[in-house]
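Look at the two complexes coming up: chain A is in both, with chain B in one and chain C in the other.
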Partner chain A sequence: MHYYLAKRLAFMVLTIFAASILAFLLLHAVPGGSAETIARHTLVGLEEEVSDLMITEVSDKYNLADPLWKQYSDWLFSAVFRGDLGTSYVYFDTPVLKLISLALLPTLILAGASMLIIIVVGIPLGIYSAIHENRPADFIIRCATIIAISFPSFWVALMLILIFSLTMDWLPVTGYGTLANLILPAVALAIHPTAVIVRIVRTSMLETLGQPYITFAIAKGLLFRHIIWHHAIKNALIPVITILGLDFGHLLAGTVIIETIFAWPGIGKLMVDGVFSHDIPVVTSCIVVIVIIFLFVNLCVDMLYHVVDPRIRYE
Partner chain B sequence: MSEEVTTNPGARKIIAAQSTDHSTKRWIRKIRKRLGFQVCLVLLGILVIAALFALLIAPYDPNAIDLKQKNEDPSSAHIWGTDYLGRDLFSRTLFGAQTSLLIAFVTVACAFAAGTAVGCVAAYYGGVVDEVLSRCVDLFLAFPGIIFSLALLGLIGAGILNMILALTVSQWATFARFMRGNALSIKNLEYIQSARTAGLPDRRIMMRHLMPNAIMPVLILATLDIGSVILATAGLSFLGLGIPPGIPEWGSMIGAGKEFLRTAPLNVIVPGLAITVVVLLFNFLGEGLRDILDVHDEQVIPG
Partner chain C sequence: MVKIKINTIAILIALVVFAGIVAISGCISKEKAIVQEGIQEPTVKAEQVLTQSSRMLKFGELWLITGYDPANNGVFITEKAIVTESLVGATQDFKLVPTLATSWSQTSPKTWIFTLRDNVKFHNGQPMTAKEVKFSLDRAAKLNAQNRGFMDYNSSRVIDNLKIEITTNQPNPILPEALHYPNMAIIHPDSLNAQGNFMKPIGTGAMMFDSFDEQTRTFTVKKNPNYWGGPVKLEGMIITGIPDSNARALAIEKGEVDFTVDVPMNEADRINALPGITVDKFLTPRKYRMVVNFQRPALQDKRVRQAISLAINRDDIVNHVLYNVGAPAKGIYVPQMAWSNKDLDVLPYDPAKAKALLAEAGYKDMNGDGIVEKDGKPLTIVIVSAQERPGLPPMSEAIGQYLRNIGIDSKVEIMASAASSDRQKSGNFDLIMSPSNIAMIPDPSYIMDQWYKTNGSQNSGKYSNVTLDALIEDAKQTTDLKERYAKFNRIEAFVYDELITIVIADYGVTIARKDTVTGYKFDPTAHDLRMDSDMTVTG
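What follows is the complex of A and B.
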């Protein structure tokens, strides 16, 4: 177990390292990353006024004339040993770490709230659908999930705003800080993964219900409700845990668009703003932070697996 | 002699697996039984034809601005109403289908080609080659790819080709992993072994024997992936990335129309419904294919 954990952690560090190289090189190698573009983007509205002197200044300030490998190793060195992810090109030289630490909590709140919706709505619906296989309720749930999977999340967000904010006037459109602000973005973000979870729970539950020990329990004359609660659900939900872990990553990716719509001050919005203003240090760091959260959550899920099902051993 | 072969169940199984003619007939029989699948195929066919001939079908120029008729409700002149610049929403949605389908088909084709090639090579050679390629695939699957597409697209700038490139980068790895798994499972079957023993060149074995027999489940993944690529394209262009102005695209129509959500919600509702319906059709198609080809794996559904 300890050996397995060590191996996983080592692979995680390697993946983060490789992802950071990929992000850094790709974003620094493309034409949009030149000192000239950055200088232009710092002068909003006066883009054409950029002088050669300014370009050299920008280039010197961020060491953009260095070869890429040196830029990367400098960045990595200060990131690992000094916790310094560089400074933003745009937000008046604010350290990137500060921007990220401010944005991290809102994103985790939003993703957490969506996760709660996925679990509380998705799992019971999936179980219900499986128990009522091929009856009207099952048919309706399956149709609803396949439609929900086809919705673009940003469009759902706008429809929710149209219905609940603009027409009914129940909930605020944008903003951050109260529970009312959280509801619409969390629902918009959760709809797609909830539908996926319903389908997976249903399949897994049907598979479990076909197992010999369930047939035996029925033959023994146990109450159907008892069989579902005590025999089927626990076993059916084990594979679902992995998908929930992966879903967390998709939620983080989804926040990119949803946060922009609802002006939610999280990592996603920070990254989109960074992309538009060509703020490469911010974008690179956002990618790395999202990768770290994603890998960490998946590691935790794998550990949880062992707790839930002691038969699974990691060597 | 022939009797001997057909009475031997093992041999029959191998013959059935190898003769593609036989299984094609079986699929056609299976398709005939499924009304929903046929309806879905027909609707998709109509959609593709409508998108291809948008120029002939569309009643208006999708970019013709008419400020006197902006944000109008549906009428006999404009069956789906007009947008915030007085452009005909039906014509724009139709041309949007062209853009979305073009991007989705080309992206999935590129990701499919790259992914199956990498997966096939990794499975066939094994050893160090497999190790290196698989770690690359793991890396691309280690984080939500759309984030990478977004960053890349923002920096290389708008353009349909750039959009395809950025999306392919985030999609190919799933195909590679899936293809590798399938190819591994048939790599040690007798007919591959005998082709090797007969001394056929590696490339020929991969192209003629390994690829065709491992590719079917990957095709299902591809149909399901078309839906998610359409969603991803729409999402990125909704943010204002990827699609240059002047080209009608559903995501950018919604992005521009959202400013008028209160006064003229049709600007947002029409293209959104178009996306939903098209993605739904592709999801049904993938679902039906999975049924017909008997691949039961929920994990195939991406995202």
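What follows is the complex of A and C.
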């Protein structure tokens, strides 16, 4: 177990390292000089010409003329040994750590709210669908899940805005800080994974209901409700937890589009804004943070297998 | 088996509880995130204002608010938030007027003396004197190469409380015009902390800094009760950056903002027709133009440039591409500028004449494929355009088609602005679309210097004409306004006729506001727009 954990952690470090290099290099591969783009986003305005003098000044300030390996190793050195992720080029020298700490909470809130929807809506619907297999209710739920899986989340987001904000005038389009602001992005983010969970719960439930011990319970004359609650659900939900864990990682990492549409001040939006303005320390650090979260959640899920089913052992 | 069941349920419950806690914590955590940097009075939190007061204007700004230090973000803090002010102002027709400085004079080729307005107080109650002006200008020049370049700043000297002498490196006849630039705004030294880091803008403007929410990047200002310009009508503003034009349109439609700018051009008329919203269209000092690459032999021939210009129907472009947000160009400057040559008109549309000119220049369709050739080579023109400004890509496509109509093999390449700017720098284009600002400094010399001089910083087409260089320099150094404008009129007529850069249309801006917002006056000298402290919000 300890050996397994150590191995996983070592791989995590390697993955984070590789991700940070990739993010760093990709930003440098984007056409257009970084210094020029940064100057446009901060100093002169997007459509204005940037003088050579200004390019040199910005370049010198952030050492952009240094060779790439040096820029990267400087960043890595201060990140690893000083815990300093650098300062933002675009948000006027605000420490990246501060920007990320401000953005992490909104992302956690959004992912948390979506998770709540997935669990509270997805699991009961899946169970209901399985119990009513091949009846109209099951058919409707299955159709609905296929539709929900097929639509991309950004389209769903726009439709939700159109219906609930513009037509019905129930909820605000953008903003942050109140429950009303949270509903639309959380729903838009949750619809796809909820549909997936419904289908998985249904399949898993049907499989469990076909097990000999369920037949035995029925033969014993137990109440159907009792069989479902005390015997079937608990076993059927084991694979669901795995998926939920992975979903949580995806939700944290995958809020980029939804956050941008709803102007939700999370880490996804911070990163997208950073990409447009060549804010290299911000983007590299955001990617590292997202990768860390994703890997950590994955590791936790793998560890949970053991807790859920002690027969599984890691060596 | 029993153990497994218990664990499963426990984990599920834990997940639900965790998700719930995280979600709920968000709804109560906002308060912590607001950075309050109040100056004198107790500050008001942005979210409280949203619910309590209907008198604060909710302003959906065009760009994300990345900073608010006037030396770098003058366009935001001076023009949008109106917290700080420059020494010099400008009228609707771009003539200079006193603001924080009441008069100025050039005492020698390199020195200027500015007299400051008496009884102006900063937001912290301190009087504005030459000392703070020196501090602000020194700082603006030190921090930003563009500021330094515009002013050609060498140093300044405090003569007395209300007089300051500014020395430039070279004679700079347009120093007062440069001081109109919003980055040269005057702040109190207490805007910086003991370490010299910028903390909050303490200016002299009609609005005072109230708070900045670092999480949502919402900037709040409120009325300055002791404004030197008299009582301020606008209570304050809650400014949020909404960089996407569709999102801005949604926000005004939904009533989430009272005032916003640049809604999508094709949506402007529809939004204007909605009850309770008015969309006005204005011209800004910006031009849609095509930079011509003079390294290309075909484009060195004036007849080819004329043919290109004659092939383009500017009225149709403004009607159908820009949805009338803008106007067909009449000259290099915009008509409302005091120095624009009023005799110049929209360049004509005449495809037949364009074809004749091409034939005269030796370009004829010999093989019947619809494309003209010279010496066996087809006439190919590559039009490069950035995609960021909404008018540019469709305009480039339309121009591409106009050129094909007269037998030019046109290729339109649309790309991100950083990429198009690379192409522009490397000279890898025939024509490049540009939405160029023509009054960063409100003076006719600004674009003449940059676009047409041999070493002009925006002369990426590498046009060179020593006679024109000398004429521009001579006009620039002329101080008598009438004579100066007459000289620039002649230069404008020449470059317009020579088609050194092919201008298409004046740039328009849409201002969308709720009908509850009244009293807004558009300032064409601002870079996007200038907010107006005479506005009122009711209801």
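By definition in this document, the second predicted complex is superposed on the first by the 293 of 315 C-alpha atoms of A that agree within 3 Å, B and C clash if a C-alpha of one lies under 4 Å from a C-alpha of the other, contacts with A are read in each partner's own complex, and residues count from 1 in each chain.
Following the convention adopted for this analysis, a contact is a pair of C-beta atoms (placed from the backbone, for glycine too) under 8 Å apart; a residue touches a chain by one contact, two chains touch by 3 or more.
Quantities reported herein were computed from a predicted structural model and do not represent experimental measurements.
With both structures placed on the common chain, the touch criterion links A:22 to chain B but leaves chain C unconnected. Taking chain A as the reference chain, the count of touched residues is higher for C when chain B and chain C are set side by side. In the superposition on chain A, contact of A:143 is made with neither chain B nor chain C. By the document's definition of touching, of the two partners only chain C reaches A:120; chain B does not. Using the contact criterion defined above for the overlaid structures, shared-chain residue A:80 touches neither chain B nor chain C, since it reaches no partner. After overlaying the two complexes on the shared chain, residue contacts for A:161 are found with chain B and with chain C alike.
Once the two complexes are laid over each other on the shared chain, residue contacts for A:179 go to chain C alone; chain B is not touched. In the superposed model, A:200 makes contact with chain B only, not with chain C.
Once the two complexes are laid over each other on the shared chain, residue contacts for A:13 go to neither chain B nor chain C. Residues common to the contacts of chain A with chain B and with chain C across the two structures: 30-33, 161, 166, 278.
Within the complex formed with chain A, the chain B residues making contact are 138-139, 142-144, 146-148, 150-157, 227, 231, 234-235, 238-241, 251, 254, 258, 261-262, 265, 268-269, 272, 275-277, 279-280, 283-284, 287, 298, 301, 303.
By the touch criterion stated above, chain C contacts chain A in their complex at residues 3-5, 7-9, 11-12, 15-16, 18-23, 25-27, 29-30, 33, 47, 63-64, 66-67, 69, 72-73, 75, 144-146, 148-149, 198, 214-217, 242, 247, 250-251, 253-254, 256, 286, 388-389, 415-419, 421-422, 435-437, 440, 450, 457-458, 527.
Residues of chain A touching chain B in their complex: 15, 18-19, 22-23, 26-27, 30-33, 146-147, 149-155, 158-159, 161-162, 166, 192, 196, 199-200, 203-204, 249-250, 252-253, 256-257, 260-261, 271-272, 275-276, 278, 280, 283, 286-287, 290-291, 294-295. Of all residues in chain A, those touching chain C in their complex are 30-33, 36-37, 40-49, 51-54, 56-57, 90-92, 94, 98, 102-103, 105-106, 108-113, 115-116, 119-120, 123, 161, 165-166, 169, 172-179, 182, 186, 234-235, 237-238, 241, 244, 248, 263, 265, 273, 277-278, 304, 307-310.
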